[in-house]
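The same subunit A turns up in both complexes below, where it pairs with subunit B and then with subunit C.
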Partner chain A sequence: MYDIAKMGTDVDQNTTKISARNVQVYYGDTHAIKDVNVEIGARSVTAFIGPSGCGKSTFLRCINRMNDTIDVCRVDGDILIDGEDIYDKRVDPVQLRAKVGMVFQKPNPFPKSIYDNIAYGPRIHGLAKNKADLDEIVEKSLRRGAIWNEVKDRLHAPGTGLSGGQQQRLCIARAIATEPEVLLMDEPCSALDPIATAQVEELIDELRNQFSVVIVTHSMQQAARVSQKTAFFHLGNLVEYGDTSQIFTNPQDERTESYITGRIG
Partner chain B sequence: MNDQHILSAFDRDLEGIQANVMKMGGLVEEAIGEAAMSMQNRDEELAAHVIKGDKAVDGLEDMINEQCANLIALRAPAAVDLRVVLSVMKIAGNLERIGDYAKNMAKRTSVLVHMERVEGAHSSLRRMAQEVQHMLTDVLDAFIQRDVERAKDVLERDHNVDQMYNALFREFLTFMMEDPRYITPCMHLHFMAKNTERMGDHVTAIAEQVIYLVTGSMPEEARPKATRLDA
Partner chain C sequence: MPLSWLVLIVLALAAAGYFVGRIRVLKLAGGDVRALHSLPVYYGANVALSAAVPALGVLLLWLLIQPSLIENTVSAMIAPEMIPEGSNLNLVMADVRRVADGLYTAVETGAMNMAQVDALQASADVRATLGELGVALGQDVRPEVLAAAKSYLVASGTGNTARMVVVLALSLTGLVLSMIRTKPDYRARNVVERAVLALLMAAASLAILTTVGIVLSMLFETINFFGLHSWKDFFFGTIWAPNFRGDSELSILPLLWGTLYISFIALLVAVPIGLFAAIYLSEYAGPKTRAFAKPLLEILAGIPTIVYGLFALLTVGPMLINLFGQTGALGVNWMSGATSVLTAGVVMGIMLIPFVSSLSDDIINAVPQAMRDGSLGLGATQSETIRQVVIPAALPGIVGAILLAASRAIGETMIVVMGAGAIAKFSLNPFESMTTITTRIVSQLTGDGDFSSPETLVAFALGLTLFVLTLGLNVLALYIVRKYREQYE
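What follows is the complex of A and B.
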């Protein structure tokens, strides 16, 4: 009986997409991430939760080497995607970021047309052979971003003219246009209204059929709604990592319990 | 873990619900005691009081359900808070059923007082009701103190109640075989005994909820069973 009930979650538990081993991050003298070990599954949504400054965004940014751009930041340990170390000297961060897309807290469309926002990545990575190819990529990405119907008649209007929720979905469409394998989302809904949030969440749920999605969120309800696995960070430590349903009904660590029930930690 | 929520209204809501559960539990405990006493003393007035008192128990259950629905809607409880809400709703349901059985015992008492007295049976039945009452007292304490050991002890004790029921069953059978005039009162008494045995089952269900609330999982081993139909 219990086994049948568990089958419904259909998480691909077997394949590990990202695996982090003994990851340490320092900003100058500050030890921001302390010895984090985590295995993130393919084709599933993993949520990182925790109070401000706990290191969840820092850790997220390690996965596509966004921290490289910060001079004082040093990353130790290994992060492997499909078994390959992304911090290896031979890895080109630009190529890596094509494989590991990112969506930020505030929608940041390029000051270009909606069409060019999507076409930019595929163009620089040479993913389209001709105009027809590119048109197809743009349409497909906008459809997958659940925004095609709203923008199909004004593809050449500026992306910045869209509403906040539409801009965010445009950014998600842009992130998936290069066919990444991993999609990192840092607070993707914090600037959106509840309806746009629900649309983005629905989109995230669809995206997990193809991608490994990692989302940082301050909304625990959002983490509970969209993710299959949840990781709780506190003061740079990964305190608890487990099935989302377990974390929200029966967390094993007191700190997790205090945080998710809204008690003083 | 800190006991207090950052949002103090959340604590007030949770405490309010649990206070109502304890209030409901107190009323039901009293109803069992009074129903059993009215049965033994053939006290029709006390029986009427028990029957009337059940309305308050039902009212509290409705109130608890409403408070739980509000808490879920407004506070989105998680982890232990969620388990409190879930178990409280079930406990309130169990208490309401126990209250109904006590009321039924009182109703049958008001019929029994006009019949032949079955000597001896009343005091064994009252002892059985008292055992259930004590189990209820302990399980309510276990609930409010989050005491798993105490809840487990209550689970174990249901065994005794089942054995007392089996003994009473045989006793009633003997009476009825001896004298057909005892058939009607013994049928009533037998239903009272069966209902008291069912009260015990509801008390153990509450004990299981207490264990779930504290540990996050239901007790695994099946509780001891002693009701045998071939008795």
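What follows is the complex of A and C.
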């Protein structure tokens, strides 16, 4: 039923990169994430699936503290990255976000040139020693984002002038240009055609060698193709979490089964 | 019959029409509202509108046209050689109108009848008679003026009678015609709809026409001015020195320089402070601070500019002298009087702060949150995000806001009248007094100068230039702001 050929390869999934304990998220009075516990492995791809509005994006945004920017949002519980509590007072969210990159659900290129969009992170963090270095980072990121061929002749055109799908890949390239350790991707292929999707999936597979990747997706096939672990969310609860092969072939929870076979959602 | 009576009668006819129209259509429909095309009120309104609108419209036109028609015929009676030395046709006609007005009052109050007026001979007794009635004349009435005044009186009498007849006839015709048309299947609702549309359009065009009117009246006076004074001196001369000997040098350049210099200093004060305040309010302040600070800042915008003027004259000026004056804290003796470019500029800058900050705040808030998230998500700090993403994204709008502020600064009057001084010159020293276009307009018009001398008329040329300048800035600013808005919609 699903293409699960790539799963279970030689990756070391035993070391835990991110671990969430009893995480609760509230938007004002809305309880959006209810007591979620999850351990996300290093150097692996974890997929979050679940019906719309179940809290996938909300939980993802907890991992790099992007929820701090929402006034009404409150996060309880602990999230540890490499054993360190990221909600500890001593942790600087700015530094955290440099380490935990994010691709947002809606493409959000800056109103700058394509080049400056990519160079933004490296410049801020001083990743490039000189212009040539920066050029190289930009080119490499754009190539990995599977968009280099389309934009190489107009690097100085505004990034907002690209098509929706191109913008999405630009944002992916922008996120990987800062070389984060963890990459959070919120539906990165929602506006992409099958060819670009395949390229992005290839990228994700490649990133797995260095980073841990968390990807939110509405496509079961995609989850099955790229991830080693899958988490199924429903109404703010983490219903089931396990090896992707197990979730898709032998779900333990009845809600998971209904969802992946298309009965709820 | 006085005008107000005429209007009242027309309105009464309309009101009566309203009720009769309603009743009539209901009766025609046999009392069944569902048999009507429209609700009864629409039939009533239709009759009322037909009775009032054409009649009042014609009345309005009549009021606009009759005086100038009479003026033209009467002024033809005054031959050029009858105009005394040092006067002109306009002045003579003003006399004629005054005498005619006096005679009219005399007839109205019953002090004289038309025959007596006809029999009046030009002599001192006209002046005396009118004087008793409270109409003071500056000099004895000359025969030709009296003759003109008499025909003026007769013509307006005839005009007024004709006006009454025509207006009443129109009103009645409208009433009767619409009454005949009032039948159950008449589409009264649609007619009323069109009347509403016409009303709204009239209001909109009135606003535009007034602007056009203002510009045209300024334009005519400006053309008069350029008939008396060389335009080359006005636009390209370098000296502003009005006098009453007739050889004034009236050049806009020194005034323009003062205006621009003071506006520049005002912007130097207002733009950074206003912008920083806006950034703080929109990016850093919590909802509570914002709810309290934003209105507070906007109160500044509601302070009348004359109060700012006082503040300039009584507080800021002396304060600056204490700093830069002879016995000042810095001991530099740069500044001698309280009025200076700096005084006016600083106070005007304070006045503009809320203007800049509230516009910029709106514009910064319009930058989508996703843009900030993108930057923060890459590990940028808040101020990096603001500097490198938010402000560049909002820049066109902010530039627009600054241009709007500049156009206010250029047109500002009270603060410069009180704070800037009255000396027209080119100088870079901000501690000196300087003057602006607006202050000179005030002083040229408030003296007791003759309204047809170039020294007075120059005010219109200055005003028109100012208008063109600020209009240009506003158009540019709106263009930029609008272009920017399109980006996110």
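Keep this in mind: the second predicted complex is superposed on the first by the 255 of 265 C-alpha atoms of A that agree within 3 Å, B and C clash if a C-alpha of one lies under 4 Å from a C-alpha of the other, contacts with A are read in each partner's own complex, and residues count from 1 in each chain.
Throughout what follows, contacts are C-beta pairs under 8 Å (C-beta built on N, C-alpha and C of every residue); 3 or more make two chains touch, one makes a residue touch a chain.
Worth saying up front: this structure is predicted, and the values here are computed from it rather than measured.
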item	value
Clash or fit (per the criteria above) of subunit B with subunit C on subunit A	fit
Touching partner for A:Arg174 - first (subunit B), second (subunit C), both, neither	second
From subunit A, separation angle of subunit B and subunit C (C-alpha centres, steps of 10 degrees)	130
Partner chain(s) touched by A:Ala98 [first = subunit B, second = subunit C, both, neither]	second
Touch count on subunit A, higher of subunit B and subunit C	C
Touched partner set for A:Tyr120, first subunit B, second subunit C, both or neither	second
Partner chain(s) touched by A:Ser245 [first = subunit B, second = subunit C, both, neither]	neither
Partner chain in contact with A:Thr69 - subunit B first, subunit C second, else both or neither	second
Touched partner set for A:Ser258, first subunit B, second subunit C, both or neither	first
Shortest span in Å between Cα atoms of subunit B and of subunit C, once chain A is used as the common reference	34
Contact set on subunit B toward subunit A in their complex	1-7, 10, 76-83, 216-217
Residues of subunit C defined as touching subunit A within the complex	286-287, 368-381, 384, 388-389, 392-393, 487
Of subunit A, residues touching subunit C in the complex	64, 66, 69, 71, 94-99, 101-102, 104, 106, 108-112, 120-121, 124-125, 160, 171, 174-175, 178
Residue ranges of subunit A in contact with subunit B within the complex	220-221, 224, 248-251, 254, 256-258, 260-265
